[in-house]
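Two complexes, one shared chain (chain A), two partners (chain B, chain C).
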Partner chain A sequence: MKPDSTWRAFITPFVLLTGPGTIFISITLLLPLLTIVMFSFWRTESYELYADWNLDNYRVLFGEAAYRTFLIRSVVSAALTSLICLVLAWPVAYYIARHGGRYRLLLVLLLAAPFFTGVILRIAALQGILGPGGLINMTLGLAGFAPIKLLMYTQFAATIGHIYLYIPFMVTAIYLSLVNFDFALLDTAKINGAGPFRAFAEVTWPLNWIGTSIGTVLVFIPCLASTITPRFLGGPNATSFGMSLSQQFGETGTWALGSAMSVVMFIFSFLVIAIMSLTIDLRRSGFTGVGK
Partner chain B sequence: MAGLLNLLYIFLYAPIFYVIYASFSQDIVWPFPPAFTMQAYVDLAGNSLYSDALINSLIIGLGSGIISTAIATAGVIGILRYPSKRRTLIIVIFLSPLFVAELLIGISSLAFNARILGLPGNIFSAIAANAVEGVAFSFLIILSQLVRYDWQMDEAAMVFGARPVRCFWEITLPTIWPSLLGAFLISFILAFNNLEISFYNLGAIPTLPSVAWGSLRFGLGPELFALAALTNGFVFLIFAVMYVLMRTGLVKFGYRGK
Partner chain C sequence: MSTHDDTVSLSLQDICKQFGPVKAVDGVNLDIRQDEFFALLGPSGSGKTTLLRIIAGLEHPTSGRVMVGGQDVTYMPPYHRRIGMVFQNFLLFPHKTVAENIVFPLRMQNIAKAQRGERLSWAIHLLRLEGLEARYPHELSGGQQQRVSLARGLISRPALLLLDEPLANLDRELRAEMEIEIRRYQKELKIPFIYVTHNQEEALTMSDRIAVMRNGVFEQVGHRTEVYQKPATAFVAGFVGQSNQMEGKADTVNGSLLAFTWKGTKLVVPHAGDVKAGDPLRFMIKHEDVQVEVASKKSAIPASHNHLPGKLRDIIFKGQTVNYLIDLEGGMEIVASGSPRDMKLSVGDLVFAFWPQEAGASFRL
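And now, the complex of A and B:
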C-alpha cells in the first residue's frame, strides 16, 4: 500500500530522528511514572495490588506523624544542602572560570569526576573518614581524646555526605554558566562606578542565575530522594522520606502507599523546578538558544 | 577563593585517597605505620560473587551506553539540522530524566515492569532504565559539541549525490565521533556504577554496586576498599584519556577554548 500524502508529510527527517528518543523516554520514564500515579490510588493487601480507587494512601501519608516527620526532614535537609552547596560552589566556580586560564577545564573535570564512581562507593569512602572506625575518630581516640559524636550516625554526618555527593553538580552548573558570561560586563560596571559587591549583585549574580537555579535543582532532587546516605551515615534519627519509600516496595510490600509517597516526592521536586524556572529570565541569562 | 578551591579538592579527594591507601594496608581500620599487602585484591579476585557482579555491571554499562549514545545522537542531529516548532518540546523531553530522582526512575520502572507488563526482574529492563538517564547526559554532551558543527559540509555531500545515510557515515560521523565517544563513556560509567535504578530492575541479579551495598551493611571490609580503589582508578583513567585527547587538540568534547 502506498502511503498517502498526509502520512508522508508527517514523516519528516525531524520526526524520524527525534522520534526514537521520544518514544523511548515515553515508554521507559513517562509510562512508569503514570503507573505510579495510578497505583497511588489503589490498595495493597498482603503484597497484592487491588484496583479499588481511593485516597486512603494519601490520608495515611499526611495523617501519620511519622511520614510527616520523614517528609519535612527530607525537604529541609535537601534545601539546606542546596544552600550550602550554593555558597561553597559559587566562589569556587567563579575562581576557576575567571582565573583558571588554560587549566580551567581540568580543574572542573577534577571536581566533577568523583560523581561518576557511584553513590555507594563514595559513601563507603566517606565512612572510612567519618565513621566510628574512621580516620578522624581513630586519630582522636589514639591521641587520647573523646571521639566527635557529631560525625557518627547523625543528621550532621548525613548532610556532609549529601554535600560530598552532590556539590559537583552545583559547581559544574555554575561554571558552565560563568564560562559563557562576558566578564567585560563586570569591568563596564566597575568603570561606571559600581563597587565590587554591587557589580556582583547587579551584574554577575543575575546574569548567571540560570546556572545557579539549574545547579540548585540538580542538588535538591537527589537529596530529597536520598536513601543510602542517611542509612549509612545518618543513624536512627535520620530516617528519610526516601528510605521509608523504598521500604514500602521492599520489606513491607505496601506498593500503593509507596506509590503515593513517590507521587508526593515527585510533586515536591516539580515544585522546586517550577519555582526555579519561573525565576529564570532567558533574556537576562546570556542564553542564545540552540543552533541558528 | 583559591583557598576554598583547594579545600574543596581536599574534601572530595581525601576520602578517595585514604581508601586507596587503606586498601593496600594490612589493617584497614588503622593503617599506620604503613604495612602493605595485596591481600584485599587477592580476596576480591577470588570471590566469584564479585566476578559475576562485574560481568553484569559491564553488560548493563555497555548496553545502556550504546542505546543512550545512538538515541541521543539521532535526537541532536534532528533538532540541530531540521528546524521545527517542536524543538523546545524535544529538548525538554530528552533532558527530563535529569530532573527525576534515580530512586523514582528505579521504583517506577519496577512497578511498570512487574505489575503492568508482568515481567520479573531482568537485565534488559535494567539496561533500558539506566539508558533513560544516559540519554539525557549523552544529549547534553553531544548537543554542546554539535551546536558548532557546520552542516554545510553535509549539504555539499548531498549536492554531489550522497544519500543521507551515506552522508552520515562518511561526513558527519568522522567529524563528530569524539563527542559520541565522550557521551558513550559517560553513560557507560553512569550505568556501570548505578545502584538504585539497577537494583529495583534486577531482583536478585547482582551488580558491583549492589554487592558493595550488601557488604557495606556488614561494615567496611578490605575488599570493599579494594573495589572502591579499582572503580576510582577506572573512572579516573577514562577522564585522564578524555583530557589528554582534548589537550592535544585531537578531540574537543564540546570545549570551545579561548
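And now, the complex of A and C:
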C-alpha cells in the first residue's frame, strides 16, 4: 500500500475522529490523575508540598484505624446502595420498557428531572424531610410521638440520600438494556414450560445483565467517592472516605495524604469494574457483536 | 356440548377476540384430529396469528372455549399447556447453545438429566443437527436456526405443535426442502401440527386440511383438494390458486348450469343455487382449467365447452408450467396454463381459449 493511501484510509480519520476527544481527556483526566499519583509519594508541611519521595502517606492510610474504618464504611455503603438501587430500579425500568408504550420516552426523561437542580440543593431538601426539624420528625413531634432517631444524622439517612441521588442512573442503564430486549423471547420461554419467575431467571435477567452491571458500576463509583451526602445527612458517625479525602485538600491542607487516598479510591473503583466485567460472558449475554 | 371424542386433539368453540373496536377473531369453531396437519391460510391481518396465540395461551379469547385433549384450557397459562411453538423469526435464546435451547422445555418440566440427554440425541438426530450442539444461535444459518426451533418445539412431544409462518424468513430453495421435511415429521410423530401461513402453495403442499381465514372468520374449512377445487367463496377462489375472474350478469338458470353474460360475451357456467336472472355474478376459473387451441382447429373443441376467440399476446415460461396470456375480442384478457411439453403455439397466433361448461365456480356479488 502506498503511504498516502494509508494516511487516507486510516490515519486521517483516526486523527480527525478521536483527536479532539483524546486531547481533552489527556488534559482533564490523565494529567491530573498522574499528578495525583505523583503527589501521593510527596510530603506536605504547613500547607506546602515538598517533593521528597516516600511511602509515609500510604503507611498512615493503612496504619491508622480511622482511615480503614472510613474506607470499609464507604465500600460497604456503596455496595449496599448499589444493591438496593438494583432491586428498586428493575421493576421501574421493566415497567417503562414493557408497558410505557408511547409514554416511554417521557417517563425516562422524568427520571432526569432531579438533575435540573444541584446536588447540594437536593440533599438539603432531603435534610428538610429527614432531619431533626424535618417534615417527618416534626409531624411526629406535633402528634406527640417520639422522633425517629434513625433518620437523624445516621448512616441510614446517608444511604437513603445516596439511593435517591443515584437510582436514576440504575433505572436508565437497565431501561436502555430492556428496550433492546426482545420480549417475545419471554413468550417463547412460557410456551416452553417456564413460569413467570423461571422465565425471568432463564431469559430476562441473563440477557440484561450487561445493562444491569453497567448500572451497578454507575451507582457504586460515585457513591464510593460521595462527600456531600454523608456530610449533610450522615453526621459525625457516618464520616466517609470521600469526606475525609476532601478534608485533606481543604481544612487540613495535607495534599499528599489526600492524593494517596485518591489513588486508593481509584484502585477500588477500578477493582469494581474489573469484578463486574468478570461476570460478563459475552457469548452468554446475547451480545452478538463477537464471533461473526 | 357433545361428549369428548378421543381422536379430537384440539377443539375451538365459538372463539371471539376483540381488540378495542376490532374483531380480530369472530366466532371460530374448529376440531383438529390427533394425526392432522392443519393449515390456517389467510392474508395478513386476517386473524390467523391471533387465533394461534389464543391456542398457545398467549392471548385470552374475549369469548369462547379452547379444549386440548378434552380439557378446557381457555384460561390456563401457556406454561401448563404442553404445546410446542415455532416462530417466523425463530426466537431462539441467544445466550444458550443449540443443545441448551433444545432441552429447555424438558428442563422446565424438571425431567431427569439422563432422560434429557436421551431426548436431546433423538431430537438432534431427527432434525439432522449433529455437530452443532455447542454452537450459539448467531453462529447458525437461517435454516439451521429453524431446525433448532423445531427441535425445541418437538422435544417434549407436545400435545400440539403450532407453527407461525416458520419458513417465511428462509430463501425459496430451503423453503421447498423444509416444507417436505416438516410434513414428514408430522406424519412420523403423529402430533397434530397447526401451520399458519399466508402462502397458499405452502398450505397446499404440506397440510391435510386447510382453513381459509379472512377478517376473523373462516371462509372455508376443508381438505386441501376440496379448498382448491371447490372454493366456497369468491375470496377463497381468488386466494387459493391462480384464477381468471369475470364479472357479469346471470341470464337464465338451467339445472346446475347458468347462462352468463360477461361484457357482452355469452358463457355457460356452473352455479351454487340461489341465483335468479339478472343477479350480478363473479365467475372464476383456474388458469390450468382453461385450454388453448389454434383458431384453425376450432372444430376440435367440443360443443359442451365455452370458447372465446383471441390472440396470443405472450407466453410466460415458468418451468413446470407455461402461462398463455390471451387478448380476447372486446379488450378483455384471459390466462390459460398448461404443460411446457405441448408448447406448440407462438406469440401472435389466433387462438381459442376454451373450458368445460361445468368447470370453475360462480359467486353472487
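Here is the rule we use: the second predicted complex is superposed on the first by the 268 of 292 C-alpha atoms of A that agree within 3 Å, B and C clash if a C-alpha of one lies under 4 Å from a C-alpha of the other, contacts with A are read in each partner's own complex, and residues count from 1 in each chain.
In this section, a residue touches a chain if its C-beta (ideal position, glycine included) is under 8 Å from a C-beta of that chain, and two chains touch if they have at least 3 such contacts.
No experiment lies behind these values; they were computed from the predicted model shown.
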Which of chain B and chain C A:L207 touches, first, second, both or neither: second
First (chain B), second (chain C), both or neither touched by A:A184: second
Greater residue coverage of chain A in the superposed arrangement, chain B or chain C: B
Contacts of A:T18 with chain B and chain C, given as first, second, both or neither: first
Chain B versus chain C as contact partner of A:N192, first or second or both or neither: second
First (chain B), second (chain C), both or neither touched by A:I129: first
First, second, both or neither for A:G63, with chain B first and chain C second: neither
Set intersection of chain A contacts, chain C complex versus chain B complex: 291-292
Residues on chain A engaged by chain C in the complex (per definition of touch): 182, 184-185, 187-195, 198-199, 202-203, 206-207, 283-286, 288, 291-292
Chain A contact footprint on chain C (complex, rising order): 56-58, 77-79, 81-85, 87, 89, 91, 93-96, 104-105, 108-109, 136, 138-139, 152, 156
Chain A to chain B touching residues, read off their complex: 12-14, 16-18, 20-22, 24-25, 28-29, 31-33, 35-36, 39, 49, 88, 91-92, 94-96, 99, 105-107, 109-111, 113-114, 116-129, 131, 133, 135, 138, 142, 164, 167-168, 171, 217-218, 221-222, 224-225, 227-228, 232, 242, 245-246, 249, 255, 258-259, 262, 265-266, 269, 273, 290-292
Chain A-facing residues of chain B, complex: 1-2, 4-5, 8-9, 11-16, 18-19, 22, 28-30, 67, 71-72, 74-75, 77-84, 86-87, 90-91, 93-94, 96-105, 107-113, 115-116, 128-129, 131-132, 135, 139, 143, 147, 164, 186, 189-190, 192-196, 200, 209, 212-213, 216, 219-220, 224-225, 227-228, 231-232, 235-236, 239, 242-243, 246, 255
